[in-house]
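See the structures that follow.
Both of the next two complexes hold chain A, though its partner changes from chain B to chain C.
Let's look at the complex of A and B:
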C-alpha cells in the first residue's frame, strides 16, 4: 500500500511530479484531515498529559488546567503494579509463541503452495477458519482440557497446562497459525516454480527446498508477519485472563485488570500505567510501518 | 483479528504467479522419496494436530456439551442429555440474553454504518497524494496497535465521572462507563475510534493497488469524483470490501476485552462473549448452559466464515 510513498521516503523528489497549486478545496481538505488527525490522537495525548501531573494538583485544580508536572506517577505505577515482572512474562509468552507460529505456519504453507494436492484447500480452510472463530466459544472445553493435561513440575509449578506459560503459548500459536498460513501460502504460491525444478535437479530434499529455497525468499513476509504477531500476542487479553490464575504470572496486557483495583481512585496513576503498557506496541508501531514498506517494495519488485 | 497482510498477500500474488505454468502440474507424489514423505507428513501433521486439538475439538465439544446438564463438577459419567433445554433456558429464562444480542447487533451496526464508511472516506481522501499524508495516516492508525483492553483504560480518563475530561468540559455529572443508559454508546465510541483506523488502512492499501488508468478513463469520460469512486473504484475493490465486511462482523461478535475491563460485561454492557465467560469462570459454572450460548456464537461466526472462505479460496484459485 505504501509503494507510492516509497520514492518520496527515499529522500528524492521524483514522486512529486505535478503538485497542483493550492486551491481552496485543498485547504478545506487539509483543515478537515488535520482536525480529524488531532482528534484521533487526542485520547492518547491526554493519557500522556495526565500521567505527567501530580494527583494533588489535578485534584485541587481540576484536569482542565496546567501545572503539577511530575514523573512520580511512573515511578509509583511501575513499583505498585510490578511492571518489570509483567513485562518479562509478556516476553516469555510472546517470543516463543511468535517464533513457533511462524515456523509451524510456514511448514503448512510450504506444503500447500509447493504441491497441488486436492486436500490443500481443505487444509487452508481449516487453518484460516480457526483464526476467525470467537475464542469465547471454545473456552469451556479448552478450560477443562487445560486443567487436566499434566505438566512436569519443572515446566510449571501449576503442574497442568492451566496457569502455565506453556498453555498460553500453545493456545496463541493454535489461534494465530491460521492467519499466517493464509498469508504465507499466498506469498509462496507467487514464487516461481522453476526454483523447485532446479532444486530437484540438484537432488535437494523437500526439507532443503523448504529451508534453503523457500524460506529465505519469504523473509519480507515473515518480517511483516512477525511484527504483526508480536503486537497481537502482546495485546492478547482473553486467554491470559481466563487461563491464568496466579497474579504474578500474568502478562502485562491482562495484568491491567488487576492494576485497576490498586489504582482505583487515581486516574493519573491509571494513565501512567496505560502509557507504560502502550510503549512496546508504539515502538513496534514505527518499526511495523517500515516492515510493511520493505515487504511491499520487495514483493512488488519481484514481479 | 485479521490485518493488512491479507491484502499484501493478495497483491503480491498476481505478478509472479503469471509466470507459473498452470498446465505443468504433474503428480509430484511419485517423485517424493521415503524421507521426503515422512517430512511432508510431519510438516502438515504437527501444526494440524495443534489446531485440531486446541480449536476444532473444543468447538465440537462445545456443541455437544450444549445438549447436556453438566455442572462441571460431577464425573463425566453423570452427564445427562437434555436436548434443547439449555437453548430454551437461554432464550426464555435468562434476562441478560436479549440485551446481549441487542448490544452485539448495535456493535455491528455502529461499526458497519458509522465507523466503516468513515474509515473508507478517510482512505479516499488520504489516497490523493497530499502533503503531510504520512502524519494523518499515522495519527489514524495509531489506535489500531493498542489492545482493546488498554483502550478501555485510555478512554476512562475521558469518561470517568469525577476525574474525567468529558464531565469537566460539559459541566455534567454522568458516569459514562457506569450508567446503563449511556455506557454502551460510550464504549462504541472507543471501539469505533480503533475500527476507523483499521478500515482506513485496509482501504488505503486497496486504493494504492487500483490501476490508475481506470481513474483516467473515468476522468476522460467526464465522470465526477464521487461517481468515479462508486461506479468504477468501489467495485474493483471487491476483495477489500469482503475483508472489511468479515472483519467488521467477526470483531462485533468477538468484542470482549473492552467491556470486560470496564465491568465484566454487566449493567448495560452485556455481550454474548462476556455472558459465556461469566457462566464458565464465575463461581456458579453452568457448563451446559454456557455452552448453549457459546454454540450460538459459533454458529453465527461459522456462517460468515464459510461464506468468506468460499469467496476467497475461489478467487485464489482463478
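Let's look at the complex of A and C:
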C-alpha cells in the first residue's frame, strides 16, 4: 500500500517520503482495525478472565469487577468433566480421521488432476458441492443408517456404527473430503507435466507416480490441510453429540457439557473448561501458523 | 448447529415435529428396502446372542450428571448390585444433552433402563411405543401413593414410569426476615397483596422474580392457573383441549398483571440464581420457585429458609394443588435384558433405594412413602408433608405440554406479557392461534 501511495504524493509533500501524513482515512482505518481486533479477542480474554475467578466472588460482586482470583476452576473442571479420558477420545477420532481424509482426498485429487477423463469435472463438482450441503439436513437419514449398519463386537461394543468411534471417523472423513479434494486437485494441477512424462518414460506405474512423485511434492499442501483438518475435526461438536449415546465415549468438545448443571451453571467453571478445550487448537495454530495461512489461500488461484 | 443456551432451547429440540412424523415414513421405507432385512435380521441375531452370554448385566442411562446426584445414583446402583447379584453398566450423559437427544436415544439403541420425567413428557414417548410397559413392576411396588401412580400412567392406562424423586414449587422466604418484621404467611390473595405492601414499606422487594431463561415465569402462570381454574383445567389447557382466549385464562393473566408491580422489576435480564441471591441477601421478601432454590443457600442460611404454598384465590378451588415435578426411571421398548431391567426398576422404586437417596442427597424428596425420612431437614420434611397432602400434583408447565409449544410459544408469550402486561386479549389470541398450528394431531 505504501509503495503505491508514495509516488503520487512525492510532488506535493517530499518530506513525507518515509512517513505519509496522518490522513483521516488512515486514522479511521486504524481505529476500525483496533476495534475489530478487540471485538475478536474480547470473548476469549473475557473467558480467560472469568475462568480465573471464583464463583462466589463474581456472584456477589458481578462480572464487571476484579478480584476473587483462583485456579480452582481449572482443577475442578478437569476433574468433573473427566477431560483426561475425553481428550483421549478426541485423539481416537481426530488422528485416524485426518489421515484417512488426506489419503482418500489425495487419491481422488490425483486422478482428477492427472487424467483427462470426461467425468473429471463432474467428480470435482460432486465433491465440492457436497461441501455446500448443510450437515444437519443429513442427520435423520444418517442416524437411521448408522443404527442399522452392523459392526462386529470387537470393533465396537455397540455392534452398530451408531455410538462407535468408527462411525464418527467415517462421518468426519466424508464431510471433510470435499474440501481437501478441491484444494489438492488444484495444487496437483500446478505441478509441471514434464515430471510425469519423465516418470512415464522411466516406466513408473500410476501408483508410483502418485506415491513417489506427486505426494512428496504435495507435502506443503498436505501439511497445511492436516493442520486445518485437525482443528476442524477436533472442534466438531454436532455429530459427536447426536451419533454417540455413551457418555464415556464423547470427545472433549461434547463432554464440555458435563460442566453445566441441571438447574445451576457455574459460568466460571464452564469458562475454565472451554479454555482447556481450546488449548490444543491454539497450540496447533501458533505452532503451525504459517501452514494455516497457506492452507487458507491454497487453491484460491489456479496455478 | 449452535449450542443451546437456555433450557427453552433444549426443550425446543426435544421433539421436532419432523421426527415425530418420520417414524412412520421410515418404517414404510424400511419395509420396501433392503435395509429392513439387513437391520432386523442381523440385529435380532446379535440381540439373542448377547442375551444368552451376559444375562447378569443390565444397562442404565442416567441423566444425573451433577456431582451430587451422580454419586447418589452410584450408591443406589451399588445397593442393587449387592442385593441382586447383577451388574449395572451406568451410562451417564450430561442432563441437558440427554434431554436434547432423547428422541435419537430412544429410537436408536437405548439402555435397558433410562431416567426421565413424569407427565406429558413420559406419556408422549409411551404413546409412541418407545417405552416398555411397567404395570407388572407397579404390581410389586409398595409405598407409592395414588398420586404417583397417576403421574406414572400413560394414555392407555398402563404404567410406564417408576418415580424416584420430586421437588415442589412454593413461595420461599427467610424466617429471620419475617420474624424481624412480624410477617405472617398469607392465606388468601388479599393477604398476599397486603403483606407485599408492608414489605414495600419496609424497603424490601416483595417478590423476587427472574425470567431470563424463560421457564421460571411458567411457575407463576401455573400456580395462578391452578388456584383460579383448578388442576383439571390446567391439564386440559396444556393438552391443547381448552382455549387460551377463554375468560378463565384471561383471568389468570389479569390477576398476574395485578401482582406484577409487587415483583422484582426488569426480570427478563435476571437469572433465577440472581433472584434467589436477592432473597438470600435479604433484599427480597419472598420467591416462588422449586425446592432447588436451596442450592443458592449454604449452612445457616439454608436452615433459615422456609416456605408456604401459594395462597388461595378462589375458595371453591382451594390451595391444595401444586407443581411438583417428578423424576424417575423408564424402560426401553425392547431392552436387551428385560428381566433384569424389571428387577432394577423394582429396586429403584423400593424403600431400600429411597433410604439410600435420603441419606445421601439433602436437596430432593423421595417418592416412596415408606422410606425412612428421619434424615430429612426441616425444610424437606415440610415439603414432603405439603406434597403428601396435595390433592393434585401438576408437573410444571413445560413437562405437562408439548415441548415445542412450551418453548416456542409460551416462553416468548410470557416474556412479552412481563414486558407489556396491558394487551391480554392480543396475547391470548396470539397464543391460541399458534397453539392451533402445533396441536394438530
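Going forward, the second predicted complex is superposed on the first by the 252 of 303 C-alpha atoms of A that agree within 3 Å, B and C clash if a C-alpha of one lies under 4 Å from a C-alpha of the other, contacts with A are read in each partner's own complex, and residues count from 1 in each chain.
Criterion: a contact is a pair of C-beta atoms (placed from the backbone, for glycine too) under 8 Å apart; a residue touches a chain by one contact, two chains touch by 3 or more.
Just so it is clear, the structure is predicted and the values come from calculations on it, not from any experiment.
Within the superposed three-chain model, A:242 lies in touch with chain B and with chain C [touch as defined at top].
Residue contacts after overlaying the shared chain place A:257 against chain B and chain C alike. Once the two complexes are overlaid on the shared chain, A:46 sits against chain B while remaining clear of chain C. Of the two partner chains, both chain B and chain C are touched by A:143. Of the two partner chains placed by the overlay, neither chain B nor chain C lies in contact with A:66. Judged by the touch definition given at the top, the superposed model places A:25 against neither chain B nor chain C.
In the superposition on chain A, contact is made by A:177 with chain B only, not with chain C.
Residue contacts after overlaying the shared chain place A:129 against chain B, while chain C stays out of touching range. Partner contacting the larger number of chain A residues, of chain B and chain C: B.
Once the two complexes are overlaid on the shared chain, A:162 sits against chain C while remaining clear of chain B. Comparing the two interfaces of chain A, the one with chain B and the one with chain C have residues 136, 140, 143-145, 237-238, 241-242, 254, 257, 260 in common. Interface residues of chain A facing chain B in the complex, by the touch rule stated above, are 1-5, 15-16, 19, 26, 29-30, 32-34, 36-38, 40-41, 43-44, 46-47, 50, 58, 62-64, 104-105, 107-108, 110-111, 115-117, 121, 123-145, 170-171, 173-175, 177-179, 181-184, 186-187, 189-193, 200, 205-207, 210, 221, 224-225, 228, 231-232, 234-238, 241-242, 253-254, 256-257, 260, 267, 270-271, 273-274, 277-278, 281-282, 284-285, 288-289, 292, 295-296, 299-300, 302-303.
Looking at the complex, you find that chain A touches chain C at residues 59-60, 80, 136, 140, 143-145, 147-148, 150, 158-160, 162-163, 237-238, 241-242, 245-248, 250, 254-255, 257-258, 260-264.
Chain C makes touch with chain A in their complex at residues 1, 3, 18-19, 22, 26, 35, 38-39, 42-43, 46, 50, 61, 65-67, 69, 91-97, 100-101, 104-105, 107-110, 272-273, 277, 290, 292, 295-296.
Residues of chain B that touch chain A in their complex: 1-21, 24-25, 28-29, 31-33, 35-36, 39-40, 43-44, 46-48, 50-59, 61-62, 65, 72, 122, 125-126, 128-136, 138-143, 145-150, 153-158, 160, 163-165, 168-169, 193, 196-197, 201, 204-209, 246, 250, 253-254, 256-257, 260-261, 272-273, 276-277, 280-281, 287, 290-291, 294-295, 297-298, 301-302, 305-306, 308-309, 312-313, 316-317.
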